[in-house]
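Two complexes are shown next, each including chain A; its partner changes from chain B in the first to chain C in the second.
Right after this comes the complex of A and B.
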């Protein structure tokens, strides 16, 4: 579903990404690990066509992102570190707007409410202005947007950083639901524990390169941490 | 998709209280400016009407007296005579038989009729006379210049609707647009939106359409508020023609500010930087450049002051009195036909007056000509340098549309001068021939009929300002298009 082929991105003579090859299939939760500046966000931005690759291709559902950015975005949902919504609109209004932007005008008010219920947003919050939401609540709306959009692939950039353990756990549960529905999920994270718990595959990045890939069912929590730290030295 | 985003934008804007505050201020300012503009136009109309009917009343009384005199003459069989001196009532021919008395002691008040939109732009009309008294003897130079001022402020000077449109409307537009993209990028919603199948161009276009629609609505609404608040000549088609032009010009001006805000946004600076740049642009284009143009025009082309004219008039007067004899000789030399038949020259007061007025007029005319020339040069400079600032083009355009441009007034002055000659010649001729006026003559006094300029003339004079604004708008609007591709979506 998501595929990076020899993806490179340079800023001047500084290479943020040096030939990344990566594949995330439907039903995968692929966790990208790596130090600050390793190139995780760059990878995600390339899939979203927010930035142009210096060379190589990013593919979504077999379509080149730079060739047909609008087409590929129909399959994508994006949950950044902070899901940013329109503060003076309510949760439901935000959800409806983004769903419609994604081309889904078919939902009723009840449908929107049920998306918000599914992601566990407090029932009374849906009609409050988003300005009053906590970070956890906004991340939930982010997932609801992905649900409403019926996204085939999710790009998550440190979505749980700053969430309390319970919220983080609930968020992971939502991801598992989405995966079970057949979504391909690429998540950049610094949370090794969550990566092993939630993900089925892990990729470790260093200085713009993917240095190792793991399947989580083949390694223990301790292994993940050890291997990660080995690469960081 | 366009509709969806535009609706969303409108909703988001509608929930921004600051915009409502500015809009309320704008509506209030427009309504107030229109109301006070309307009042001053009504005052002007009333003033002209009152003055004219006062003079008509004077002449009616004179006519009444001549009618009585005529009846008496008919009854007694005496000759119908010319009043060479002022007689007590009932004794001898009344003043009304003396064309000089009628032509010089009563005036024909003529006024430039305001257009239906006159109240929307005071323009130069605050330094122009609302109405001119036309009398025999006194030249137009003397009457028209009685109120001459040195107009330091050739451009927006008074609080009128044009001022609100030129100064305040851009603030509303900039407040709505200065952070068009930058705020979404800073808040992170831009990335959220662009993760959906929407191109930046489409997003931008929709956001622009929403705002353009709001501007269209606001401009039309404000215009209607203004025109209806004034309520002059609403039944005249020309008023609505001018109103349509007003809307077009105001929209073009608004769109310029709008496009400028978009242009600044494209360069991807922060909202606060954009705000600062745009506020600076507003200050320079709306305040500084017009003031400088005005200042330069009045500095390099100073008009003779009112003092100069008064002094010159007085000097000429004294000289004329001193040379009463000489000026009378000179006058008769020029107008042999008026040399009274009979023994000696009629040394009556009015002949002398006519003669000395001629002398004063001659003495004043170079100053008046200089004044006219300087004013012309000032206006010319403003016309030529209007392209430096959309505010100046806008001011000139609005003056033209409202019928308060100096060109329209100039045309009126020419008509007035023609009428002055007509009036003067009619009365002077009959007076100098000592041909007594009969009551029936009162119907054939010259009457001023303002010849409205053809609308094509208005359009022609509007063309430079309007096309200047259009070219500026196109220039500013077309620059952003290529730039938008390079816009950085994600804030760093």
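Right after this comes the complex of A and C.
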């Protein structure tokens, strides 16, 4: 579903990404680990066509994102570290706006409410202006937007950073649900524990390279941490 | 898609704190300006009608006298204004409203409202057109400068672009949303203005009122559109909303304040008009030495010989018309060539200045709009010129009619000694001069005069849209 082929991105003579090859299939939760500046966000931005690759290809559903940037985004949902919403609109209005932008005009008010319920937003918050939301509440609306988009592939950039443990846990449960529905999920994270818990594959990045891939059912929590730290030294 | 974006944009703008106070301020100023304009206009028109009526009566009731003396007694032309002058009083504060029309002399229009400060009062400058020309762009800028720059700063633009919508739809959506918010503020005031006009019982001066209002609306919409797309372009380009605001307000000050004054100064320097001080003296000297160097007395001598030859008489007293009157009319025609040349030079200088200013409109969109607005409202210099031309034609006809009557009615006085050489006419004779009526230029004439300004305004709109398209195409999604 998501595929990077020799993907390269340089800023001047600094290479942020040096020939990344990566494949995320439908039903995969692929967790990208790596130190700050390793190139995780760069990878996600390339899939979103927010930046142009220096060379190589990013494919979504078999389509080159630089060739068809609008079509490939139809299959994608994106949740950044900080979901940014319109402060003067309510949670439900934000959700409705983004759902419609994503091409889904078919939902009713009850549908929007049920998306927000599914992601665990407090029932009374849906009609408050987002200006008054906490970071976690915004994050939840971001997830609801992704749900409403019915995307085939999710690009998540540290989506749970700053969420409380319970919310983080609920988020993982949602991801598993989406995976079971057949979504391909690529998640950049610093949370080794959750990567092992939720993901079925792990990729460790260092200085723009993918240095190791693991299947989570073959390793323990301790192994993940050990292998990760070995690479960082 | 565009509608969805527009609706969200509109909701967001209207909910923003900025909207309430800018909209309130705008409505307040616009209504005050229109009310002030309305009062000024109705009192002006009442004065004009009363004065024109009085002078018409005065002409008829001037008392029995010699027709040529009656032409000396003269008549006044008071300039009427079209109903749209209440919205845009153009140059009318600074141009003369009254022309004294008399024998042997072409006069300038005098008595501008600005010279009579009590008449225009404190709000003399305030009118709806000025508010729309100066403050409407500011409203557009205030409501729109964050359109892209703000979304980039807050990061929502990434979220939006991740949904798979084109930058073009985003631009049109934002334009539509912002445009609706601006119209929501401005349109009610404009409608109130139109209702004012519809309710008026003031005389209609100038034809095609509905077309004029429609064209004014189109021109002001185009003007708002120019600022709307410029605002979006700059917002897409700028690194931060603050930069966008600074750039836009800078441009606004340039086009709405600096250029109108500067353009007038520059065009006066390029096409200088004859200084008023020496104008009258030069004209008088030219009259004395004759149009092409032959003094009037010599010309009249030649004319007399010509007449005597033509009618085969050896003495002017045998001519079949009252010679004194024909001679005076001939003098009038000799003078006319001098008047035409000198007043023509002034007119030509003004026309040159106007054309030059029209071209400067390529630097500032306020200039073409201002000209179009004044033109359609019937308050620009072109119409002032027409008023003066009408007054001059009236003067020529009046003098010609009086001299003509005298030349026919007083044939028997040819050669009679000057003491009893006098024909007295009464009201019935004066009535052959119909009351002065100003015929404002036809709408088609006005439009033809202003085609350049319409073209420049359209150019600005197209340029602004192109800039906005380029802006969103190259727009960065990341703040840096």
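Here is the rule we go by: the second predicted complex is superposed on the first by the 233 of 233 C-alpha atoms of A that agree within 3 Å, B and C clash if a C-alpha of one lies under 4 Å from a C-alpha of the other, contacts with A are read in each partner's own complex, and residues count from 1 in each chain.
Just so it is clear, a contact is a pair of C-beta atoms (placed from the backbone, for glycine too) under 8 Å apart; a residue touches a chain by one contact, two chains touch by 3 or more.
Predicted model only: the values in this text are computed from it and were never measured.
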item: Side-by-side fit of chain B and chain C on chain A, or clash; value: clash
item: Touched partner set for A:85, first chain B, second chain C, both or neither; value: both
item: First, second, both or neither for A:101, with chain B first and chain C second; value: both
item: Contacts of A:115 with chain B and chain C, given as first, second, both or neither; value: neither
item: Which superposed partner A:48 touches (first chain B, second chain C, both, neither); value: both
item: When the two complexes are fitted on chain A, the stretch of chain C hitting chain B, from 295-303, 331-339, 403-411 or 457-465; value: 457-465
item: Shared chain A surface residues [contacts with chain B and with chain C]; value: 48, 50, 69-71, 73-74, 76-78, 80, 82-89, 93, 97-98, 100-103, 149
item: Residues of chain A that touch chain C when the two form their complex; value: 48, 50, 69-74, 76-78, 80, 82-89, 93, 97-98, 100-103, 142, 145, 149
item: Of all residues in chain A, those that touch chain B in their complex; value: 45, 48, 50-51, 69-71, 73-74, 76-78, 80, 82-89, 93, 97-98, 100-103, 149, 155
item: Chain B to chain A touching residues, read off their complex; value: 1, 4-5, 8, 11-12, 15-16, 187-189, 191-199, 489-490
item: Chain A-touching residues of chain C, taken from the complex the two chains share; value: 1, 4-5, 8, 11-12, 15-16, 154-156, 158-166, 477-478
